[in-house]
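One chain, chain A, appears in both complexes that follow, with chain B as partner in the first and chain C in the second.
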Partner chain A sequence: MIKRPKPERFRLRRTMMFMNAQKPGLIKDAYIYGCDSIMLDLEDAVAENQKDAARFSLYHALTTIDYGSTEVIVRINGLDTPHWQEDIRVCVAGGADGIRIAKCESAQDVRTVEAAVEAAEKEFGVEVGRTLLMAALESPKGILNAYEICSASDRMFGVAISGGDFRKCMQTTFQPDGVDMLAARGQMLLAARAAGIQCFDTVFTDLDDDAGFEAEVRQNKAMGFDGKSLINPKQIRLVHQVFTPTEKEVRQAEKIVRAIEEQAKLGIGVFTVDGKMLDIAFVPGAKRTLKLAKACGMYEGDLV
Partner chain B sequence: MKNAVGREIPDFLLVDGKEVYQGKQYMDGKYIQKVGPRTRRYETPQETKVVASLVDALKLCGARDGMTFSFHHALRNGDFVANMVMKAAIEEMGLKDLTIAATSLGDANDPIADYIEQGKVIGIQTSGIRGRMGEVVSAGKLKTPAIIRSHGGRPRAIEAGEVHIDIAFVAAPTSDCVGNCRGIGGKSNCGSLGYAITDSRFADYVVVVTDCLVDFPNFPASVEAIDVDAVVVVDSIGNPKKIASAAARISQNPRDLMMAENVAKVIASTPYFKDGFVFQTGVGGPSLAANLFLEKYMDERNIQMGLAVGGICKPMVELLKKGKVRAAVDVQDFDLDAVNSINQTPGHFEMSASQYANPANKGAFVNKLDFVVLAALEIDTDFNVNVLTGSDGVLRGAPGGHPDTAAGSKVCIIVTPLIRGRMATVCEKVVTVTTPGDCVDVLVTDYGIAVNPLRPDLVECLDKAGIPHVSIESLKDKAYSLVGRPDDLQWEDQVVAVLEARDGTILDVVRKVKPLEL
Partner chain C sequence: MEICKTASAGTLESSDCLVTVEPGNGISLELSSSVMNQYGRQIKATVLETLQRLGVENAAVTVVDKGALDCTLKARVECAVFRSCDASAENIPWGGIVR
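So, the complex of A and B:
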């Protein structure tokens, strides 16, 4: 039986690739494509009369396939279904790294799932607190309650928006410029940052529209998302490219951190480098770039 | 006697100067005595060489028991001609003890399996064998061991007289009344006729079989009237749908695409990836998709491909038309786009199999290859490749140009998924060695890349470019951990096929498979 190491609450999560937990051909080696996390789906991808079969498939995948350093998250069925409790037991028994709460609308939803997870951890002899949580916001109510959801539990590592359901609720459709979800994405990002957790954008479903996909990913990055949900391995490359800092950004960040540390020793607070004003306020941003670069394997220094 | 790839070659095969495989380029600098055919003089001007039937043509050429007939496979799985000729010779003329020397044989030739079972066909020499023919040969029903040669090894053997062709049958999409043949302009077009060229020059007799007679002269001709004895017009030489597929599509399978991208990355990391580089790729999923990613790197570095060697299909024709490839020279065209391009698109030319891949001539095209991207049924931890026998030991494949391009190229890349169904592609020992490991440089799988330790220079290239790679042993272990290590195959003593290396030495033998007992 594969024993996965204790999940890290905050790690690199540029890409989360969805796949049907019932499809052995997909889940047997999904890690080879190099996404940061895989999302094994028990919810919408699985037909109503196949939920049991999908749980068996999921359990055996979790316990027999070595996914290595790829994070393994499971999307469980909504709290309004008869499936979610059994889904949670399987996730915990199989040792999934985290659970994605579908259709989350309140802090209470998070706490309900957390209680069931804790019970399952005790039932299966898993360290209490090991299993991480993330919430999917799929309705206007979920978006309005984003902050209480994001801060509802220490297990929460992130929050994501689910575009399909959300657009339906808002009586709109996909718009190439993202205006259909602009407010929701913004509100969710504000909540996630305020709560200190990560934030992920929804899937892009038109696999033939390369330009549209790239535009959306670049907008995601510009808005401040940590990563994106994906439906096909061929989407991974671009997201990694966009969400990985460039060589230039890394070198610049390194320079800023070093310069500010050196100047601080000399008692200087504000100064200029390459014509730009720098002070202590630039350090967190630069350090975040370096941490991201380190996680992406492109920075090996000791500044972070 | 054990050869350089560790295969035991039985002594009875090592006669008349036959040697076991000694390693890459062992024959370099040695001499070859070419043989010439004994051909009939036609001094009296002939109005036409068209005869009424295949039987008439066979009679004209003095067909008799024990002869060797040759065929080319440019019509691939759509070919009707080999079956028609064998039927006329065996069923209408009652000939027996015949040997077939084909450039390749496929499922289309299934009916010939009956003649093997009846003992009428006693010898097979080919670059590929599949379908029922592969099964009956593997079952030990052919009187003499089949001889499997690469596309380059075959013209070498013909020129050296190791195989003597009595009558060459050239299936021709178009011919004029005296036998000038082309692969285009008819109703069953195949494009290049490169595989037929050597046969037409070295056979005692040459019979052209066409379903489209055109005005004289059918020029520029691939097979020339000066070598042709007779022309037979039939209703149809083949099924056009199976001769050239509709445009070869680039795979959308994410696994293929990932491997293809890694192939392109490996190529772009080497010093040979520079303006004017020479390239060949197969038409399999990941091999073909490599074109797509390679184009990106070519654009980035602002370089062009100097020459595409092939096997050509649509994606390469498009690069040629876009000016990103300066020339394409091929022995075979895989789809209609390539068929309609050869000798039409500027820079797209035909070549003979000898010109393509023969190791004994003074410089075949394969020797100019910078990169070749190839598939494999199996590859072992010594980088030996099998593209001939299935996991059950039965003949079902074709070395084709695999060993030739691997040996000639500066970088030979094998691309294959780590496992197929329940079978490990990367294994301890391949069933049959068709391409020796000393010619194979890089393996790209969906689970990782491995570089042949014989190529430390390429290891350095990959490291410099930050392309992760692992040992081939670790890939084999991973494969076995997923699907298990298969039991060894059980063989009987009888040798059913001999695998000749391209230089004429013996690389491996295939024995009769022991029937499964439960």
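So, the complex of A and C:
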């Protein structure tokens, strides 16, 4: 049986690719695409009368297939279905890294899942606290309660918006400039940052619209998202490109951190480098760039 | 486990298999596979081992294989057996007889 290493609450998650847990052809070699996380789906991708079969398939995939450093998350069925409890049992027994709570609307939803996860960890002899959680916000109520959801549990590593359901609730449709979900994305980002967890954008479903996809990914990056949910391997490369810092950004960040540390030793607080004003406030951003670069394998220095 | 009624699990898609179990006397296995010449014996062994692990002693089993990995074969056999007992929806012994 494959023993996966203990999941890291905060790691690189630029791309999270959805995959139907019921389709062996998809899940057997999902790690070859190089996405940061895969999302094995027990929810919408699986027909109602195949939920049981999907769990057997998931259990053996989790315990047999070596996904290496690709994170393995499972999307479970909603709390309003008869399926979610058994979904949690199989995720924990199989050793999934994390569980995505579908249609999450309140901190109570997170706590309900957390209690079931803990019970399953005890039942299957898994270290209590090992299994991470993330929430998908799919309704106006979920967005309005984003902060309480994000801060509901120490297991929570991130939050994601689910565009399809959300747009339906809001009586709108996809807009190329993102105005349909601008407020929701913004509110969710605020909540995630305030709670100190990661934030992921929804899937882009038109696989033929490359320009539209790129525009959305760039907007995601500009808004401050950590990554994006994907439906097809061909979407991975662009997201990695956009979410990975450029060589120039990495060198700049390195220079900033070094300069500030050196100047601070000399008792200088504010100064200019390459014509730009710098002070201590620039350090966290520069260090974040270096951490991201390190996670992407671009930086091997010791500043972070 | 007793096979109480006919049940099946799986599909005929590539990398999958369709497993059907029916009540029977002793174990009988009818196997067809797109990779019969290469893997026929291994598939048969995996199916029989899985049935034994589940404590199935009487069943007529049909497997139509489309190149499924061992883990998929096991998953489909287990699901079909649990379905035949109306026990596939909850409280599965993950890590017990299902492993």
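Definition applied: the second predicted complex is superposed on the first by the 304 of 304 C-alpha atoms of A that agree within 3 Å, B and C clash if a C-alpha of one lies under 4 Å from a C-alpha of the other, contacts with A are read in each partner's own complex, and residues count from 1 in each chain.
What we mean here is this: a contact is a pair of C-beta atoms (placed from the backbone, for glycine too) under 8 Å apart; a residue touches a chain by one contact, two chains touch by 3 or more.
As the structure is a prediction and not an experimental result, all values here were calculated from the model.
Q: For A:10, using the defined touch cut-off, is the partner it touches chain B, chain C, both, or neither? Pick first, second, both or neither.
A: neither
Q: Of chain B and chain C, which one touches more residues of chain A?
A: Per-residue touch count on chain A favours C.
Q: Counting only touches as set out at the top, which of chain B and chain C does A:60 meet: first, second, both, neither?
A: A:60: touches chain C, not chain B.
Q: Between chain B (first) and chain C (second), which does A:233 come into contact with in this model arrangement: first, second, both, or neither?
A: After superposition on chain A, A:233 lies in contact with chain B alone.
Q: If you stack the two complexes on chain A, which partner ends up touching A:86: first (chain B), second (chain C), both, or neither?
A: Second partner only.
Q: Please work out whether A:94 is in contact with chain B alone, chain C alone, both, or neither, and reply first, second, both or neither.
A: second
Q: Counting only touches as set out at the top, which of chain B and chain C does A:52 meet: first, second, both, neither?
A: After superposition on chain A, A:52 lies in contact with chain C alone.
Q: Residues of chain A that sit at the chain B interface in one complex and at the chain C interface in the other, please.
A: On chain A, the overlap between the chain B and chain C contacts is residues 28.
Q: Which stretch or stretches of chain A touch chain C in the complex?
A: The touching residues are 1, 23-25, 28, 51-53, 55-57, 59-61, 63-65, 82, 85-86, 89-90, 93-94, 124.
Q: In their shared complex, at which residues does chain C touch chain A?
A: It comes out as residues 9-10, 13-16, 68-72, 74-76, 78-79, 82-83, 88-92, 94-95, 98-99.
Q: Okay, in this complex, where on chain B does chain A touch?
A: Listed in rising order, the residues of chain B that touch chain A are 254-255, 257-258, 261, 446-447, 482.
Q: Show which residues of chain A lie in contact with chain B when the two form their complex.
A: Those in contact with chain B are residues 28-29, 32-33, 232-234, 237.
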